[in-house]
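Have a look at this one before I ask anything.
Chain nomenclature is as follows: A, B, C and D, assigned in order of appearance, with residue numbering initiated at 1 for each chain independently.
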Amino acid sequence: MDIGSTLPDATVARIRDSFARQGLMGLLGAELAQVKAGLVTIRLPFRPELTQQHGYFHAGGTASVADSAGGYAGFTLFPDDSSVLTVEFKLNLMNPAQGDHLEAVGRVIKPGRTLTICQLDVWGVAPDRRIHVATGLQTLICVQGRPA
Amino acid sequence: MDIGSTLPDATVARIRDSFARQGLMGLLGAELAQVKAGLVTIRLPFRPELTQQHGYFHAGGTASVADSAGGYAGFTLFPDDSSVLTVEFKLNLMNPAQGDHLEAVGRVIKPGRTLTICQLDVWGVAPDRRIHVATGLQTLICVQGRPA
Amino acid sequence: MDIGSTLPDATVARIRDSFARQGLMGLLGAELAQVKAGLVTIRLPFRPELTQQHGYFHAGGTASVADSAGGYAGFTLFPDDSSVLTVEFKLNLMNPAQGDHLEAVGRVIKPGRTLTICQLDVWGVAPDRRIHVATGLQTLICVQGRPA
Amino acid sequence: MDIGSTLPDATVARIRDSFARQGLMGLLGAELAQVKAGLVTIRLPFRPELTQQHGYFHAGGTASVADSAGGYAGFTLFPDDSSVLTVEFKLNLMNPAQGDHLEAVGRVIKPGRTLTICQLDVWGVAPDRRIHVATGLQTLICVQGRPA
(Lines give C-alpha, C1' and ligand atoms only; values in the text may rest on other atoms or scores of the structure.)
Protein backbone atom coordinates (compact mmCIF):
# COMPACT_ATOMS: atom_id res chain seq x y z
CA MET A 1 0.00 0.00 0.00
CA ASP A 2 1.39 3.42 -0.90
CA ILE A 3 2.19 5.64 2.04
CA GLY A 4 -0.32 8.50 2.10
CA SER A 5 -2.99 6.70 0.07
CA THR A 6 -6.64 6.64 1.11
CA LEU A 7 -7.75 3.92 3.51
CA PRO A 8 -11.00 1.93 3.63
CA ASP A 9 -13.59 3.61 5.89
CA ALA A 10 -13.47 0.64 8.27
CA THR A 11 -9.75 1.11 8.85
CA VAL A 12 -10.14 4.82 9.50
CA ALA A 13 -12.99 4.05 11.91
CA ARG A 14 -10.78 1.51 13.73
CA ILE A 15 -8.08 4.16 14.18
CA ARG A 16 -10.57 6.82 15.34
CA ASP A 17 -12.11 4.41 17.86
CA SER A 18 -8.70 3.54 19.26
CA PHE A 19 -7.66 7.21 19.42
CA ALA A 20 -10.89 8.03 21.28
CA ARG A 21 -9.92 5.45 23.92
CA GLN A 22 -6.58 7.18 24.60
CA GLY A 23 -7.47 9.11 27.73
CA LEU A 24 -4.31 11.18 27.42
CA MET A 25 -5.21 12.57 23.99
CA GLY A 26 -8.51 13.79 25.45
CA LEU A 27 -6.81 15.32 28.48
CA LEU A 28 -4.31 17.17 26.28
CA GLY A 29 -7.04 18.26 23.84
CA ALA A 30 -5.39 16.54 20.86
CA GLU A 31 -7.38 15.87 17.68
CA LEU A 32 -6.84 13.28 14.97
CA ALA A 33 -6.48 15.44 11.87
CA GLN A 34 -5.53 13.08 9.05
CA VAL A 35 -5.53 9.29 8.73
CA LYS A 36 -3.94 7.91 5.57
CA ALA A 37 -2.09 4.66 4.89
CA GLY A 38 1.07 4.81 6.98
CA LEU A 39 0.60 8.53 7.60
CA VAL A 40 -1.25 10.10 10.53
CA THR A 41 -1.44 13.72 11.65
CA ILE A 42 -2.50 14.90 15.13
CA ARG A 43 -3.29 18.51 16.02
CA LEU A 44 -2.68 19.89 19.52
CA PRO A 45 -4.08 23.42 20.15
CA PHE A 46 -2.08 25.56 22.56
CA ARG A 47 -3.26 26.21 26.07
CA PRO A 48 -1.40 27.17 29.24
CA GLU A 49 -1.97 23.70 30.72
CA LEU A 50 0.44 22.28 28.13
CA THR A 51 3.47 24.43 28.90
CA GLN A 52 6.90 23.99 30.36
CA GLN A 53 8.48 26.64 32.59
CA HIS A 54 9.11 29.20 29.80
CA GLY A 55 5.59 29.10 28.41
CA TYR A 56 6.32 26.92 25.38
CA PHE A 57 4.68 23.55 24.79
CA HIS A 58 6.32 21.02 27.16
CA ALA A 59 8.45 18.40 25.39
CA GLY A 60 6.22 15.78 26.99
CA GLY A 61 3.19 17.07 25.11
CA THR A 62 5.21 17.23 21.92
CA ALA A 63 6.34 13.66 22.54
CA SER A 64 2.79 12.50 23.35
CA VAL A 65 1.30 13.60 20.04
CA ALA A 66 4.38 12.49 18.10
CA ASP A 67 4.18 9.03 19.68
CA SER A 68 0.46 8.65 18.97
CA ALA A 69 0.84 9.92 15.39
CA GLY A 70 3.58 7.38 14.70
CA GLY A 71 1.77 4.57 16.49
CA TYR A 72 -1.40 5.08 14.49
CA ALA A 73 0.53 5.52 11.25
CA GLY A 74 1.92 2.03 11.81
CA PHE A 75 -1.44 0.70 12.98
CA THR A 76 -3.10 1.62 9.65
CA LEU A 77 -0.92 -1.06 8.05
CA PHE A 78 -1.44 -3.78 10.66
CA PRO A 79 -3.86 -6.73 10.37
CA ASP A 80 -7.35 -6.28 11.87
CA ASP A 81 -6.83 -8.58 14.83
CA SER A 82 -3.59 -7.02 16.01
CA SER A 83 -2.56 -4.12 18.18
CA VAL A 84 0.36 -1.71 18.25
CA LEU A 85 2.87 -0.98 20.99
CA THR A 86 5.74 1.51 20.98
CA VAL A 87 9.07 -0.25 21.53
CA GLU A 88 11.10 2.95 21.72
CA PHE A 89 11.32 6.43 20.28
CA LYS A 90 13.88 9.20 20.09
CA LEU A 91 13.05 12.85 19.64
CA ASN A 92 15.26 15.86 18.86
CA LEU A 93 13.73 19.11 20.04
CA MET A 94 15.07 21.55 17.46
CA ASN A 95 13.18 24.78 18.13
CA PRO A 96 11.01 26.19 20.93
CA ALA A 97 7.60 24.54 20.56
CA GLN A 98 5.27 27.48 20.11
CA GLY A 99 2.37 28.50 17.92
CA ASP A 100 -1.42 28.31 17.88
CA HIS A 101 -1.13 24.56 17.69
CA LEU A 102 1.31 21.73 17.18
CA GLU A 103 0.96 19.45 14.21
CA ALA A 104 2.51 16.01 14.73
CA VAL A 105 3.08 13.83 11.68
CA GLY A 106 3.88 10.12 11.94
CA ARG A 107 5.02 8.44 8.74
CA VAL A 108 5.97 4.80 8.25
CA ILE A 109 9.38 4.50 6.65
CA LYS A 110 9.81 0.73 7.07
CA PRO A 111 6.71 -1.43 7.45
CA GLY A 112 7.21 -4.95 8.72
CA ARG A 113 5.34 -8.00 9.94
CA THR A 114 6.79 -7.68 13.46
CA LEU A 115 8.53 -4.29 13.62
CA THR A 116 7.62 -1.05 11.89
CA ILE A 117 9.79 2.09 11.86
CA CYS A 118 8.27 5.57 11.72
CA GLN A 119 9.60 9.06 11.25
CA LEU A 120 8.07 11.59 13.64
CA ASP A 121 7.91 15.30 12.91
CA VAL A 122 6.25 18.05 14.89
CA TRP A 123 5.54 21.55 13.61
CA GLY A 124 4.62 24.67 15.56
CA VAL A 125 1.97 26.40 13.50
CA ALA A 126 0.94 30.07 13.69
CA PRO A 127 -1.00 32.11 11.09
CA ASP A 128 2.23 33.53 9.69
CA ARG A 129 4.69 30.67 10.11
CA ARG A 130 5.26 26.94 10.44
CA ILE A 131 8.36 25.93 12.39
CA HIS A 132 9.92 22.48 12.56
CA VAL A 133 9.85 21.91 16.30
CA ALA A 134 10.95 18.30 16.64
CA THR A 135 11.99 15.28 14.63
CA GLY A 136 12.33 11.71 15.74
CA LEU A 137 12.34 8.01 15.02
CA GLN A 138 10.07 5.36 16.50
CA THR A 139 10.07 1.57 16.57
CA LEU A 140 6.65 -0.12 16.81
CA ILE A 141 5.77 -3.75 17.38
CA CYS A 142 2.69 -5.48 16.00
CA VAL A 143 1.13 -7.74 18.62
CA GLN A 144 -1.20 -10.41 17.25
CA GLY A 145 -4.55 -11.33 18.67
CA ARG A 146 -4.89 -8.57 21.19
CA PRO A 147 -7.78 -6.13 21.04
CA ALA A 148 -6.52 -2.68 20.08
CA MET B 1 28.98 17.82 43.93
CA ASP B 2 28.07 14.19 44.58
CA ILE B 3 25.04 12.91 42.72
CA GLY B 4 22.25 12.37 45.22
CA SER B 5 23.65 14.69 47.88
CA THR B 6 21.49 17.24 49.67
CA LEU B 7 21.04 20.65 48.01
CA PRO B 8 20.83 24.11 49.58
CA ASP B 9 17.22 25.11 50.32
CA ALA B 10 17.44 27.93 47.78
CA THR B 11 18.27 25.50 44.99
CA VAL B 12 15.42 23.19 45.92
CA ALA B 13 13.07 26.19 46.01
CA ARG B 14 14.26 27.28 42.56
CA ILE B 15 13.46 23.80 41.18
CA ARG B 16 10.06 23.68 42.89
CA ASP B 17 9.16 27.14 41.55
CA SER B 18 10.10 26.14 38.03
CA PHE B 19 8.20 22.85 38.28
CA ALA B 20 5.11 24.73 39.49
CA ARG B 21 5.26 26.83 36.31
CA GLN B 22 5.13 23.73 34.09
CA GLY B 23 1.46 23.75 33.14
CA LEU B 24 1.71 20.21 31.81
CA MET B 25 2.85 18.74 35.13
CA GLY B 26 -0.25 20.26 36.76
CA LEU B 27 -2.56 18.98 34.02
CA LEU B 28 -1.15 15.45 34.34
CA GLY B 29 -1.25 15.58 38.14
CA ALA B 30 2.49 14.99 38.52
CA GLU B 31 4.27 15.75 41.79
CA LEU B 32 7.91 16.54 42.47
CA ALA B 33 8.87 13.81 44.94
CA GLN B 34 12.61 14.16 45.48
CA VAL B 35 15.12 16.88 44.60
CA LYS B 36 18.77 16.00 45.21
CA ALA B 37 21.95 17.09 43.45
CA GLY B 38 21.70 15.68 39.93
CA LEU B 39 18.85 13.39 40.94
CA VAL B 40 15.16 14.21 40.72
CA THR B 41 12.11 11.98 41.14
CA ILE B 42 8.60 12.76 39.90
CA ARG B 43 5.48 10.83 40.88
CA LEU B 44 2.48 10.47 38.54
CA PRO B 45 -0.64 8.90 40.10
CA PHE B 46 -2.76 6.80 37.75
CA ARG B 47 -6.06 8.08 36.41
CA PRO B 48 -8.05 7.16 33.29
CA GLU B 49 -7.18 10.51 31.67
CA LEU B 50 -3.55 9.35 31.36
CA THR B 51 -4.16 6.15 29.42
CA GLN B 52 -3.50 4.80 25.96
CA GLN B 53 -5.98 2.57 24.17
CA HIS B 54 -5.36 -0.55 26.34
CA GLY B 55 -5.78 1.26 29.65
CA TYR B 56 -2.09 1.54 30.55
CA PHE B 57 -0.31 4.85 31.06
CA HIS B 58 0.27 6.42 27.62
CA ALA B 59 3.93 6.55 26.57
CA GLY B 60 3.51 10.32 26.26
CA GLY B 61 2.77 10.63 29.97
CA THR B 62 5.69 8.36 30.76
CA ALA B 63 7.90 10.51 28.54
CA SER B 64 6.59 13.74 30.07
CA VAL B 65 7.57 12.85 33.63
CA ALA B 66 10.84 11.25 32.49
CA ASP B 67 11.77 14.40 30.56
CA SER B 68 10.96 16.71 33.47
CA ALA B 69 12.80 14.50 35.96
CA GLY B 70 15.93 14.52 33.82
CA GLY B 71 15.66 18.22 33.02
CA TYR B 72 15.42 19.17 36.68
CA ALA B 73 18.16 16.72 37.67
CA GLY B 74 20.45 18.64 35.31
CA PHE B 75 19.09 22.00 36.44
CA THR B 76 20.12 21.33 40.06
CA LEU B 77 23.74 21.52 38.87
CA PHE B 78 23.40 24.63 36.67
CA PRO B 79 24.38 28.18 37.66
CA ASP B 80 21.68 30.41 39.16
CA ASP B 81 21.25 32.67 36.16
CA SER B 82 20.82 29.89 33.61
CA SER B 83 17.99 27.77 32.30
CA VAL B 84 17.69 24.24 30.98
CA LEU B 85 16.39 22.99 27.65
CA THR B 86 16.07 19.40 26.42
CA VAL B 87 18.12 18.84 23.27
CA GLU B 88 16.88 15.29 22.70
CA PHE B 89 15.84 12.18 24.52
CA LYS B 90 15.34 8.50 23.72
CA LEU B 91 13.10 6.18 25.65
CA ASN B 92 12.71 2.39 25.54
CA LEU B 93 9.30 1.25 26.76
CA MET B 94 10.14 -2.10 28.29
CA ASN B 95 6.96 -3.16 30.07
CA PRO B 96 3.30 -2.07 30.11
CA ALA B 97 3.17 1.12 32.19
CA GLN B 98 0.73 0.21 34.94
CA GLY B 99 0.42 0.57 38.68
CA ASP B 100 -0.97 2.99 41.24
CA HIS B 101 1.55 5.54 40.08
CA LEU B 102 4.61 6.00 37.92
CA GLU B 103 7.88 7.03 39.46
CA ALA B 104 10.23 8.79 37.06
CA VAL B 105 13.87 9.16 38.08
CA GLY B 106 16.27 11.49 36.26
CA ARG B 107 19.94 11.09 37.13
CA VAL B 108 22.87 13.08 35.76
CA ILE B 109 25.54 10.76 34.41
CA LYS B 110 27.72 13.40 32.74
CA PRO B 111 27.49 17.00 33.94
CA GLY B 112 28.97 19.69 31.72
CA ARG B 113 29.21 23.43 31.29
CA THR B 114 27.20 23.35 28.05
CA LEU B 115 25.75 19.84 27.74
CA THR B 116 24.59 17.46 30.46
CA ILE B 117 23.61 13.82 29.92
CA CYS B 118 20.97 12.13 32.08
CA GLN B 119 19.72 8.62 32.52
CA LEU B 120 15.93 8.37 32.70
CA ASP B 121 14.11 5.51 34.40
CA VAL B 122 10.41 5.06 35.00
CA TRP B 123 8.88 2.54 37.36
CA GLY B 124 5.29 1.35 37.60
CA VAL B 125 4.55 1.06 41.31
CA ALA B 126 1.81 -0.97 42.94
CA PRO B 127 1.53 -2.06 46.60
CA ASP B 128 2.96 -5.47 45.75
CA ARG B 129 5.41 -4.73 42.95
CA ARG B 130 7.69 -2.24 41.27
CA ILE B 131 8.22 -2.78 37.55
CA HIS B 132 10.83 -1.12 35.35
CA VAL B 133 8.59 0.44 32.73
CA ALA B 134 10.99 2.55 30.69
CA THR B 135 14.62 3.56 30.45
CA GLY B 136 16.16 6.32 28.43
CA LEU B 137 18.90 8.85 27.82
CA GLN B 138 18.56 12.60 27.57
CA THR B 139 20.82 15.43 26.43
CA LEU B 140 20.28 18.81 28.10
CA ILE B 141 21.73 22.21 27.26
CA CYS B 142 22.46 24.94 29.79
CA VAL B 143 21.41 28.33 28.44
CA GLN B 144 22.99 31.32 30.17
CA GLY B 145 21.20 34.47 31.22
CA ARG B 146 17.67 33.35 30.55
CA PRO B 147 15.09 33.29 33.34
CA ALA B 148 14.25 29.71 34.20
CA MET C 1 23.24 28.65 2.70
CA ASP C 2 20.97 26.22 0.90
CA ILE C 3 21.44 22.57 1.82
CA GLY C 4 22.99 20.79 -1.14
CA SER C 5 24.45 23.90 -2.76
CA THR C 6 28.03 24.04 -4.02
CA LEU C 7 30.74 25.00 -1.53
CA PRO C 8 33.87 27.13 -2.04
CA ASP C 9 36.88 24.99 -2.98
CA ALA C 10 38.62 25.91 0.27
CA THR C 11 35.77 24.48 2.31
CA VAL C 12 35.73 21.25 0.33
CA ALA C 13 39.51 20.99 0.78
CA ARG C 14 39.15 21.52 4.54
CA ILE C 15 36.64 18.64 4.70
CA ARG C 16 38.80 16.37 2.54
CA ASP C 17 41.87 17.08 4.69
CA SER C 18 39.99 16.28 7.86
CA PHE C 19 38.51 13.10 6.36
CA ALA C 20 41.99 11.98 5.31
CA ARG C 21 43.10 12.29 8.95
CA GLN C 22 40.36 9.90 10.13
CA GLY C 23 42.38 6.71 10.45
CA LEU C 24 39.22 4.64 10.73
CA MET C 25 37.87 5.73 7.33
CA GLY C 26 41.14 4.54 5.77
CA LEU C 27 41.05 1.24 7.64
CA LEU C 28 37.47 0.58 6.53
CA GLY C 29 38.21 1.67 2.96
CA ALA C 30 35.60 4.45 2.99
CA GLU C 31 35.68 7.23 0.40
CA LEU C 32 34.29 10.75 0.53
CA ALA C 33 31.94 10.78 -2.45
CA GLN C 34 30.10 14.11 -2.32
CA VAL C 35 30.66 17.27 -0.30
CA LYS C 36 27.93 19.91 -0.58
CA ALA C 37 26.67 22.52 1.87
CA GLY C 38 25.16 20.56 4.75
CA LEU C 39 25.15 17.36 2.70
CA VAL C 40 27.93 14.78 2.60
CA THR C 41 27.99 11.30 1.09
CA ILE C 42 30.47 8.54 1.97
CA ARG C 43 30.92 5.32 0.00
CA LEU C 44 32.00 2.07 1.65
CA PRO C 45 32.81 -0.82 -0.73
CA PHE C 46 32.02 -4.29 0.53
CA ARG C 47 34.75 -6.65 1.68
CA PRO C 48 34.72 -9.60 4.09
CA GLU C 49 36.63 -7.61 6.69
CA LEU C 50 33.53 -5.43 7.21
CA THR C 51 31.03 -8.16 8.03
CA GLN C 52 29.04 -9.33 11.01
CA GLN C 53 28.44 -13.02 11.67
CA HIS C 54 25.95 -13.54 8.81
CA GLY C 55 28.13 -11.97 6.14
CA TYR C 56 26.33 -8.61 5.93
CA PHE C 57 28.02 -5.30 6.67
CA HIS C 58 28.41 -5.01 10.46
CA ALA C 59 26.22 -2.33 12.05
CA GLY C 60 29.43 -0.77 13.37
CA GLY C 61 30.66 -0.10 9.84
CA THR C 62 27.27 1.25 8.88
CA ALA C 63 27.36 3.49 11.94
CA SER C 64 30.93 4.61 11.23
CA VAL C 65 30.20 5.96 7.76
CA ALA C 66 26.85 7.38 8.86
CA ASP C 67 28.52 9.23 11.75
CA SER C 68 31.28 10.65 9.55
CA ALA C 69 28.82 11.67 6.82
CA GLY C 70 26.68 13.56 9.32
CA GLY C 71 29.67 15.07 11.11
CA TYR C 72 31.13 16.45 7.89
CA ALA C 73 27.72 17.62 6.66
CA GLY C 74 27.56 19.78 9.78
CA PHE C 75 31.20 20.79 9.50
CA THR C 76 30.61 22.33 6.04
CA LEU C 77 28.46 24.96 7.76
CA PHE C 78 30.81 25.69 10.70
CA PRO C 79 33.22 28.65 10.94
CA ASP C 80 36.82 28.09 9.75
CA ASP C 81 38.41 28.07 13.20
CA SER C 82 36.07 25.52 14.71
CA SER C 83 35.82 21.76 14.92
CA VAL C 84 32.98 19.28 15.10
CA LEU C 85 32.22 16.61 17.69
CA THR C 86 29.37 14.10 17.75
CA VAL C 87 27.25 14.52 20.88
CA GLU C 88 25.05 11.50 20.20
CA PHE C 89 23.44 9.55 17.42
CA LYS C 90 20.69 6.98 17.04
CA LEU C 91 20.44 4.53 14.20
CA ASN C 92 17.63 2.19 13.14
CA LEU C 93 18.89 -0.78 11.15
CA MET C 94 15.95 -1.44 8.86
CA ASN C 95 17.24 -4.02 6.37
CA PRO C 96 20.24 -6.34 6.10
CA ALA C 97 23.19 -4.17 5.04
CA GLN C 98 24.30 -5.78 1.82
CA GLY C 99 25.34 -4.77 -1.66
CA ASP C 100 28.47 -3.85 -3.59
CA HIS C 101 28.86 -0.83 -1.37
CA LEU C 102 27.11 1.21 1.27
CA GLU C 103 26.26 4.83 0.60
CA ALA C 104 25.92 6.93 3.73
CA VAL C 105 24.25 10.33 3.44
CA GLY C 106 24.45 12.94 6.18
CA ARG C 107 22.11 15.91 5.81
CA VAL C 108 21.77 18.90 8.13
CA ILE C 109 18.17 19.41 9.14
CA LYS C 110 18.74 22.06 11.82
CA PRO C 111 21.93 24.13 11.67
CA GLY C 112 22.86 26.09 14.77
CA ARG C 113 25.64 28.13 16.32
CA THR C 114 26.27 25.54 19.04
CA LEU C 115 24.27 22.44 18.10
CA THR C 116 23.47 21.05 14.66
CA ILE C 117 21.06 18.19 13.96
CA CYS C 118 21.57 15.82 11.03
CA GLN C 119 19.55 13.10 9.42
CA LEU C 120 21.60 9.99 8.61
CA ASP C 121 20.64 7.52 5.89
CA VAL C 122 22.53 4.51 4.63
CA TRP C 123 21.77 2.64 1.43
CA GLY C 124 22.97 -0.79 0.32
CA VAL C 125 23.72 -0.44 -3.35
CA ALA C 126 23.97 -3.23 -5.94
CA PRO C 127 23.79 -2.94 -9.74
CA ASP C 128 20.12 -3.85 -9.71
CA ARG C 129 18.86 -2.33 -6.49
CA ARG C 130 19.27 0.30 -3.81
CA ILE C 131 17.96 -0.63 -0.37
CA HIS C 132 17.40 1.68 2.58
CA VAL C 133 19.57 -0.05 5.16
CA ALA C 134 19.54 2.39 8.06
CA THR C 135 18.18 5.74 9.14
CA GLY C 136 19.20 7.85 12.07
CA LEU C 137 19.50 11.19 13.80
CA GLN C 138 22.66 12.83 15.06
CA THR C 139 23.44 15.80 17.31
CA LEU C 140 26.71 17.65 16.63
CA ILE C 141 28.45 20.36 18.64
CA CYS C 142 30.57 23.11 17.14
CA VAL C 143 33.70 23.66 19.25
CA GLN C 144 35.40 27.02 18.74
CA GLY C 145 39.11 27.57 18.37
CA ARG C 146 40.17 23.96 18.13
CA PRO C 147 42.02 22.68 15.11
CA ALA C 148 39.81 20.29 13.15
CA MET D 1 19.25 -16.61 34.69
CA ASP D 2 21.05 -13.98 36.73
CA ILE D 3 22.81 -11.30 34.71
CA GLY D 4 26.56 -11.79 35.08
CA SER D 5 26.37 -15.45 36.09
CA THR D 6 28.60 -18.11 34.54
CA LEU D 7 27.43 -19.73 31.32
CA PRO D 8 27.75 -23.33 30.13
CA ASP D 9 30.93 -23.86 28.09
CA ALA D 10 28.87 -24.65 25.00
CA THR D 11 27.16 -21.25 25.15
CA VAL D 12 30.46 -19.44 25.56
CA ALA D 13 31.85 -21.40 22.61
CA ARG D 14 28.82 -20.46 20.49
CA ILE D 15 29.43 -16.77 21.25
CA ARG D 16 33.17 -17.02 20.56
CA ASP D 17 32.52 -18.78 17.23
CA SER D 18 30.08 -16.13 16.15
CA PHE D 19 32.43 -13.30 17.23
CA ALA D 20 35.24 -14.90 15.23
CA ARG D 21 33.01 -14.72 12.14
CA GLN D 22 32.55 -10.95 12.50
CA GLY D 23 35.08 -9.72 9.97
CA LEU D 24 34.85 -6.20 11.34
CA MET D 25 35.97 -7.20 14.85
CA GLY D 26 39.08 -8.74 13.32
CA LEU D 27 39.77 -5.70 11.16
CA LEU D 28 39.46 -3.37 14.16
CA GLY D 29 41.54 -5.67 16.36
CA ALA D 30 38.78 -6.15 18.93
CA GLU D 31 38.89 -9.01 21.43
CA LEU D 32 36.10 -10.73 23.33
CA ALA D 33 37.16 -10.20 26.94
CA GLN D 34 34.29 -11.49 29.06
CA VAL D 35 31.22 -13.61 28.27
CA LYS D 36 28.71 -13.99 31.09
CA ALA D 37 24.95 -14.43 31.08
CA GLY D 38 23.54 -11.22 29.62
CA LEU D 39 26.88 -9.44 30.05
CA VAL D 40 29.65 -9.25 27.47
CA THR D 41 32.82 -7.16 27.41
CA ILE D 42 34.90 -6.37 24.33
CA ARG D 43 38.38 -4.83 24.39
CA LEU D 44 39.65 -2.60 21.58
CA PRO D 45 43.37 -1.65 21.78
CA PHE D 46 44.28 1.77 20.46
CA ARG D 47 46.03 2.19 17.14
CA PRO D 48 46.17 5.11 14.70
CA GLU D 49 43.96 3.24 12.21
CA LEU D 50 41.03 3.66 14.62
CA THR D 51 41.09 7.43 14.99
CA GLN D 52 38.97 10.37 14.00
CA GLN D 53 40.51 13.68 12.88
CA HIS D 54 41.75 14.73 16.36
CA GLY D 55 43.51 11.46 17.11
CA TYR D 56 40.88 10.00 19.46
CA PHE D 57 39.06 6.75 18.77
CA HIS D 58 36.46 7.40 16.06
CA ALA D 59 32.85 7.21 17.28
CA GLY D 60 32.31 4.51 14.68
CA GLY D 61 34.83 2.23 16.38
CA THR D 62 33.28 3.00 19.74
CA ALA D 63 29.87 2.18 18.29
CA SER D 64 31.14 -1.02 16.66
CA VAL D 65 32.39 -2.59 19.87
CA ALA D 66 29.41 -1.29 21.84
CA ASP D 67 27.00 -2.81 19.31
CA SER D 68 28.78 -6.18 19.32
CA ALA D 69 29.02 -6.25 23.12
CA GLY D 70 25.29 -5.61 23.46
CA GLY D 71 24.38 -8.02 20.67
CA TYR D 72 26.33 -10.86 22.23
CA ALA D 73 25.06 -10.03 25.72
CA GLY D 74 21.56 -10.60 24.38
CA PHE D 75 22.63 -13.65 22.39
CA THR D 76 23.83 -15.44 25.55
CA LEU D 77 20.17 -15.59 26.62
CA PHE D 78 18.69 -16.68 23.28
CA PRO D 79 17.71 -20.26 22.34
CA ASP D 80 20.32 -22.37 20.52
CA ASP D 81 18.64 -22.31 17.14
CA SER D 82 18.19 -18.55 16.96
CA SER D 83 20.23 -15.57 15.89
CA VAL D 84 20.45 -11.96 16.99
CA LEU D 85 19.99 -8.77 14.98
CA THR D 86 20.30 -5.18 16.14
CA VAL D 87 17.05 -3.28 15.62
CA GLU D 88 18.44 0.08 16.68
CA PHE D 89 20.86 1.68 19.07
CA LYS D 90 21.55 5.14 20.45
CA LEU D 91 24.87 6.28 21.81
CA ASN D 92 25.86 9.39 23.75
CA LEU D 93 29.54 10.24 23.35
CA MET D 94 30.31 11.83 26.69
CA ASN D 95 34.09 12.23 26.72
CA PRO D 96 36.90 12.06 24.16
CA ALA D 97 37.51 8.36 23.49
CA GLN D 98 41.15 7.94 24.42
CA GLY D 99 43.34 5.53 26.34
CA ASP D 100 45.38 2.39 25.76
CA HIS D 101 42.20 0.57 24.89
CA LEU D 102 38.45 0.88 24.93
CA GLU D 103 36.37 -1.46 27.01
CA ALA D 104 32.81 -1.90 25.77
CA VAL D 105 30.27 -3.48 28.10
CA GLY D 106 26.88 -4.73 26.91
CA ARG D 107 24.38 -5.64 29.61
CA VAL D 108 20.86 -6.95 29.16
CA ILE D 109 18.38 -4.84 31.10
CA LYS D 110 15.18 -6.38 29.69
CA PRO D 111 15.34 -9.87 28.22
CA GLY D 112 12.42 -10.98 26.08
CA ARG D 113 11.27 -13.70 23.75
CA THR D 114 11.21 -11.37 20.74
CA LEU D 115 12.93 -8.14 21.84
CA THR D 116 15.78 -7.64 24.28
CA ILE D 117 17.01 -4.27 25.55
CA CYS D 118 20.66 -3.69 26.47
CA GLN D 119 22.60 -0.93 28.12
CA LEU D 120 25.86 -0.12 26.35
CA ASP D 121 28.82 1.51 28.11
CA VAL D 122 32.28 2.20 26.78
CA TRP D 123 35.28 3.11 28.89
CA GLY D 124 38.59 4.61 27.80
CA VAL D 125 41.23 2.82 29.85
CA ALA D 126 44.77 3.99 30.58
CA PRO D 127 47.13 2.76 33.33
CA ASP D 128 46.16 5.69 35.54
CA ARG D 129 42.51 6.26 34.68
CA ARG D 130 39.27 4.83 33.40
CA ILE D 131 36.94 7.33 31.73
CA HIS D 132 33.30 6.81 30.80
CA VAL D 133 33.47 7.53 27.10
CA ALA D 134 29.99 6.60 25.89
CA THR D 135 26.67 5.26 27.09
CA GLY D 136 23.80 3.95 25.05
CA LEU D 137 20.74 1.80 24.66
CA GLN D 138 20.16 -0.96 22.15
CA THR D 139 17.14 -2.97 20.99
CA LEU D 140 17.82 -6.50 19.75
CA ILE D 141 15.54 -8.98 18.03
CA CYS D 142 15.75 -12.75 18.37
CA VAL D 143 15.27 -14.42 14.99
CA GLN D 144 14.27 -18.08 15.15
CA GLY D 145 15.71 -20.84 13.01
CA ARG D 146 18.48 -18.88 11.40
CA PRO D 147 22.09 -19.96 11.80
CA ALA D 148 23.95 -17.41 13.91
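Annotations
Basically, a contact is a pair of C-beta atoms (placed from the backbone, for glycine too) under 8 Å apart; a residue touches a chain by one contact, two chains touch by 3 or more.
Computed from a prediction, not measured in an experiment: that's the story for all the values here.
Hopping across touching chains, the smallest step count from subunit A to subunit C is 1.
The angle of the rotation superposing subunit C on subunit D, based on CA atoms and rounded to the nearest 5, is 180 degrees. Comparing chain pairs B-D and B-C, the larger number of C-beta contacts belongs to B-D.
Farthest from subunit D in terms of Cα centroid separation is A.
Once the centre of each chain is set as its mean CA position, subunit A and subunit B turn out to be 22 Å apart.
A straight line joining the Cα centres of subunit B and subunit D is 29 Å long.
Chain centres here are Cα means. That of subunit B falls 33 Å from that of subunit C.
The set of subunit B residues that touch two or more partner chains comprises 87-88, 90, 92, 137, 139. Only residues 87-88, 90, 114-115, 137, 139, 141 of subunit D touch subunit A when the two sit together in their complex.
Residue ranges of subunit A in contact with subunit C, taken from their complex: 90, 92, 94-95, 109-110, 117, 119, 132, 135-137, 139. On subunit A, the positions that touch subunit B within their shared complex are 18-19, 21-28, 47-54, 58-61, 63-65, 67-68, 83, 85-93, 146-148.
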